[in-house]
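Presented sequentially are two complexes of chain A, the first with chain B as partner and the second with chain C.
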Partner chain A sequence: MLRNYIKIAWKVLARNKFFTFVSLFGISLTIGILLVLATLFDQIVGKHYPVGPDDHLIYVATVSQEDGKGSGWNGGVGYYLYKNFIQKMKSPKNIAVISQPKSTNSFVGDRKITLSLNYTDEDYWDMHSYSFIEGKPYNAEHMRDKARVVVITRATRDSYFGEGVSAVGKSIETDNVVYKVLGVVENVSEASIYQYSDFYVPLTLATQQLQNPDLIGQFIVILQGETENDIPTIKEEYKDLVARLTVPAASQGWKQNYKIISSYAMSKIERISSGFVIGQEPQMGLLTTILTAAMLLFMLLPALNLINLNSSRISERSSEIGVRKAFGANSMTLAWQFIVENILVTLIGGGIGLLLALGALEIIESSELITHAELGLQFNVFLFAVFLCLVFGLLSGVLPAYRMSKIQVVNALKGLNS
Partner chain B sequence: MIALSNIEKVYQTKTIETVALNQININIDKGEFLSVMGPSGCGKSTLLNIMGLLDEPSNGDMSIDGENFSDYTDKELARFRNQNIGFIFQSYHLINDLQVIDNVELPLLYRKMSAKERKRRAVEALNKVGLSNRMQHFPSQLSGGQRQRVAIARAIVGNPSIILADEPTGNLDSVMGNEVMDILIKLNEEDETTIVMVTHDESMAMRTHRLVRLFDGSQVV
Partner chain C sequence: MIRQAFKLIWNQKGKHLGLFIEIFFSFMVLFLVFSFGIYNLQEFFSPLGYSYEDVWTISFNREGLEQEAALLVDEQIEDALRSYPEIQEFSWTQGNVPFANTSNTSAMSRGNGNVQAQRFTVDDNYDETLEVKLTEGRWFEEQDEVFEKSPFIITQNMAEELFPEGSALGQKLKWGDTEEDYREIIGVVEDFRYRGGIMESGYSFFIRKNNDHLLSDMLIKVTEEADAAFEAQLIKQLHQIAPGYSLEIRYIDEMRSNFLLVSFIPMLILGIIGAFLIFNVALGLFGVLWQNISRRKQEIGVRRAMGSSKAEITIQFILEIMVLATISLILGIFFASQFPLLDVFGVNAGIYIVAIVFAAICIYLLVFVCALIPSTQAAELHPAIALREE
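Moving on, here comes the complex of A and B:
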């Protein structure tokens, strides 16, 4: 039966080349764009280098203090909060900290290199899956000694020392401070919002930031679970911790007015769901609704086009409908046949869309629009594409299929559409 | 086998009422070959459609082997047609996008049957109409007579007890028409298939067991 449907679908496609072109153009363009967007979204929220598949991480990236009357202040996590409270949490397997990025300048001869510098502790390296091209990360000893060491990325090494030139043991200077290169890691994509850096240095060198007495500061705390199942417990413990927080006595006077403290431990996608509004609770339901609605809306126009084309094809296929009905096809069977045919068309369109998306991603990647991003299509994105095709096929096939199945057999044999 | 009792068919619009069939009473026995004649628009095809469960009468009763269909759902009617009735149409109604073998297999798609068995039966049906050498052809590559023979193969592939033929020779010249008629007569004689054939051709009608004439929707003989 399916073979028969496929044959018919293929013949119908081949018979109406212009209609087929219009249909496939709409489908493939829509699916291609959605795949590119899905890939970019996945780059931000998915587990990509340097987060390994077994690295179960959530992030405390923001803290806010308010007075309940609409005023307040906010920012990243203060070292005080990290050191005195978060680091004492029981449920995480590991806790690490990384500073918000700081832009620094290095010079090679007359050439200026702008680098993104981040301070991290030694645990940061344990909870990620960085790929070291050479050397190693700094450890507790480096931290204790406030050693001026650095882990740089491949791109930093290549632009500072020359492409492929070994850097470990050599000195690198930025903002008039000289560091010894301890390790070189593979580049990190700018889409890895909490891990992206060119220049990782020990946290203990950030002396000014470490003396900040506030809850709010310039750090991001990373909490690691043993498994994904630990994550809710960690979130809950952090929520309890925040509920017990009070404004530190050492904070400046005006900061004492803002006693309502909010902060959440969130995954990257939850951060997006909170709308990047600091102090806002994650709203995954709302995000899912908005994304689904936007996707369906985007697919609606080509789907309407396909519905229109399919409906106009009913008249040319009325004889076939009549014959199938006369020889024993009931309305449901016919509707199903039409939906299967339509899904086949959308799968072909999806295949073309997939190729278009691959091409577009290649262009985006080579243009360095997102620094160091490797925008290959992930398997889950591919599954998403198949899912899109099925939704598209159903969306555009059900109505014409219903109309088709309701045609009276006698009229169908006469070539009428009612 | 087929019993029509006081069958009426009225087509009604807002302004006009057209009586297509009026008080038709026909009993057709198993294995009978009946022809229906009459001028264009006299209701022949409507009558055939009602017998084939493709259309419903406005009034009257129709039964096949004692089975009344007034309570049948779309699905049940489709299943009954599939199991018991084969159709042959004047304009063949073959699916041009499918090869001959696929066209013949079509009724079997709606039965629980393996692809292998479907193919075996389709080849057997094509053998009966002498077209086994045209299996891979498309309908557009065949002559009118050959197309009608494919349509006959499609009608008989499911071994139906009834074949309803609506002017099967209407689009054919006399030689091809006689060839098609020979096949129908052979089917009727060898397989005891009940056949009801609508025709305009007196000479074809004379070759059947019985002739019913219609005029303006009423039975005149």
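Moving on, here comes the complex of A and C:
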């Protein structure tokens, strides 16, 4: 049965080249554009290098203090909060800290290189899956000795020491401070919003920031769970921790006015759902609604186009419909056949769309629009594409199929379509 | 004739509903793309109100250094900058240097109703460094040190908005809406678009820095000779003066290109998506009209036999689709006109009107082109052949 449908669908496609082109053009570009957008979104929220598939991470990136009357101040996590509270949490398997990136300048000859420098602790290396091209990360000993050592990325090595030149053991200077290179890692994509850096140095070198007495500071705390199931428990524990927080006595006078403290442990997608507004709870429901609505709205015009096109082609097939009806096929069977046909067409269009998306991603990747991003098509994005095709096929197939199946036998045989 | 075309459309309203909805949505897409594009282009070509050529910015992170110590360091930094012949002018400011991502907005009012304005905390040298042009009054001077609360300098467009009756000079304005904080306006400057008009409210005002708050950014105007080697030398010296600080030098013209790139990418994407949607609709419309017209051969045959000319038949088909498009456009314009009427984005209504006109012209062109070829082909049919199809 299905084989017959496929055969008929193929014949219909081959019958009128222009209509086939219009249908496939609309479907493939719609699916292609949505796939590119989905891939870019996945780059930010998905698990990509240096987060491995088994690294179950959640982030505390912001803290805010308010007075309840509309004023307040906010920022990243203060070292005080990390050291005295977060580090004592029980549910995470591991806890690490990384500073917000700081821009530094390096000069090679008369060429200026701007490097993004981040301070991290040694646990940071355990909970990620960095791939080291050479050397190794710093450990607890380096941290204790406040060693001026650094882990750099491949791009930093290539622009400072020269392409492919081994860097371990050599010195690198930035902002007039000299560090010894301990390791070189593969480049990190700018889309990894918390992990992106050119230059990782031990946390203990950030002397000023470590003395900061406030809850708010310049760090991001990363909490790791044993499995994905631990994440809700960690969130819950952090929520309780925040509820018990008070403004530290050592904070400056004006900061004492802002007593309402809010901070959340959030995954990357939850951070996006909070609209990047600091102190805002994640709103996953809202984000899903907005994304779904935007997607459907974008698919609306191409779908309307297909509906109109398919409806106006009913007459082409009225004799076929008449014959089948005369031999006893009911409306349901016919409608179903047309929907299956339409879905087949959408799947072919989707396949072309997939190729188009791959080409577009290749272009975006080579343009370095997102620094160091590697935009491969993920399996879940591929599944999303198949799902989109089905939605699109149904959306544009149901109405014409209904109309076709409603045609009276006599009229159909005569070639009229009313 | 138009009534005739309308009647024909109406008799087949079930079948034409799909086309009607499609043309309506196409119009809305075109309207939104045009509004967004025209708005951005208009802002892009407006004068900035300052000059960013050869201006660099240095941002200082004092990393928790005590106020008093930091003040001394700042003075040393200023002395060092004065000693370089490459540096013509320099000025302290806070955060929102031209084309930065930072934004400091405040609600400003005369007592009732306020405007959101961009706040610039500056020193006496800011107007020289950025070549800000005064239209009335004066810039901040040493003598303003005596004020505990700095007076205001506002932009021309803000002065016109808040004081439509006359000069804003000497008038008082309130900052924020919680406290009663009225201050005098001592100067008016030309419209100041620190991000080139993109993603900003358009109104700006300036207050003088006070010594209790150290400012984090500096603007320096350099000569043409200043290059990367000079920059390296400058950074080295600044690090010697202030070893604990982390600082960053950026060029305003580079920041401007980056900013424009980032803000034009959404426009480009929107434009491409819009063009793709419309092209798609055009192809579909062409197909549908082709199909519809070729199914009316008997009608064409009868009309031709009764003496209608080819042109008359072509015109009839085109007129029909034009009437349909007009009905869709009436609905579309109804929705589109809600944007200026409800003032959704606070954008000048003229932009929407231009966008509506452009979008409507595009739709008419689109349906005309899509209907022209099938209708002329149909009109070419010989009456005898057309009638024989029956």
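We adopt the following convention: the second predicted complex is superposed on the first by the 418 of 418 C-alpha atoms of A that agree within 3 Å, B and C clash if a C-alpha of one lies under 4 Å from a C-alpha of the other, contacts with A are read in each partner's own complex, and residues count from 1 in each chain.
Note that in this section a residue touches a chain if its C-beta (ideal position, glycine included) is under 8 Å from a C-beta of that chain, and two chains touch if they have at least 3 such contacts.
This structure is a prediction, so every number in the text was calculated from the model and none was measured.
**Q** Clash or fit: how do chain B and chain C relate after the overlay on chain A?
**A** fit
**Q** Return first, second, both or neither, reflecting whether A:T288 touches chain B, chain C, both chains, or no partner chain.
**A** neither
**Q** Regarding the shared-chain residue A:Q256, is it in contact with chain B (first), chain C (second), both, or neither?
**A** After superposition on chain A, A:Q256 lies in contact with neither partner.
**Q** Which partner chains sit in contact with A:V12 here, chain B, chain C, both or neither? Use first/second/both/neither.
**A** first
**Q** Using the touch definition from the top, say if A:V409 reaches chain B (first), chain C (second), both or neither.
**A** First partner only, chain B.
**Q** Taking the superposition as given, does A:N84 touch the first partner, chain B, the second, chain C, both, or neither?
**A** Touch status of A:N84: no partner.
**Q** Once the two complexes are aligned on chain A, which partner has more residues of chain A within touching range, chain B or chain C?
**A** Touching more of chain A: C.
**Q** Once the shared chain is lined up, is A:T333 touching chain B (first), chain C (second), both, or neither of them?
**A** A:T333 contacts chain B only, not chain C.
**Q** Which partner does A:K325 reach: the first (chain B), the second (chain C), both, or neither?
**A** first
**Q** Chain B and chain C, closest CA-CA distance after overlay, in Å?
**A** 14
**Q** Touching chain B and also chain C: which chain A residues?
**A** In chain A, no position sits in both the chain B and chain C interfaces.
**Q** Per the contact definition, I'd like the list of chain A residues that touch chain B in the complex.
**A** 1, 3-4, 7-8, 11-12, 15, 319-320, 322-333, 408-410, 413
**Q** Quick check on the complex: what are the chain A residues that touch chain C?
**A** Touch list, chain A to chain C: 18-19, 21-22, 25-26, 29, 33, 69-70, 102-105, 107, 110-112, 114, 175-176, 208-209, 211-212, 298, 300-302, 304-309, 311-313, 315, 369.
**Q** List the residues on chain C that touch chain A in their complex, please.
**A** Interface residues on the chain C side: 15, 18-19, 21-22, 25-26, 29, 61, 63-64, 178, 227-229, 231-232, 235-236, 239, 244, 246-249, 265, 273, 276-277, 280-281, 283-288, 291-292, 295.
**Q** Can you list the chain B residues touching chain A in their complex?
**A** On the chain B side, the touching residues are 49, 52, 54-55, 74-75, 78-79, 81-83, 86-87, 89, 93-95, 97-98, 102, 105-107, 109-111, 115, 154, 158.
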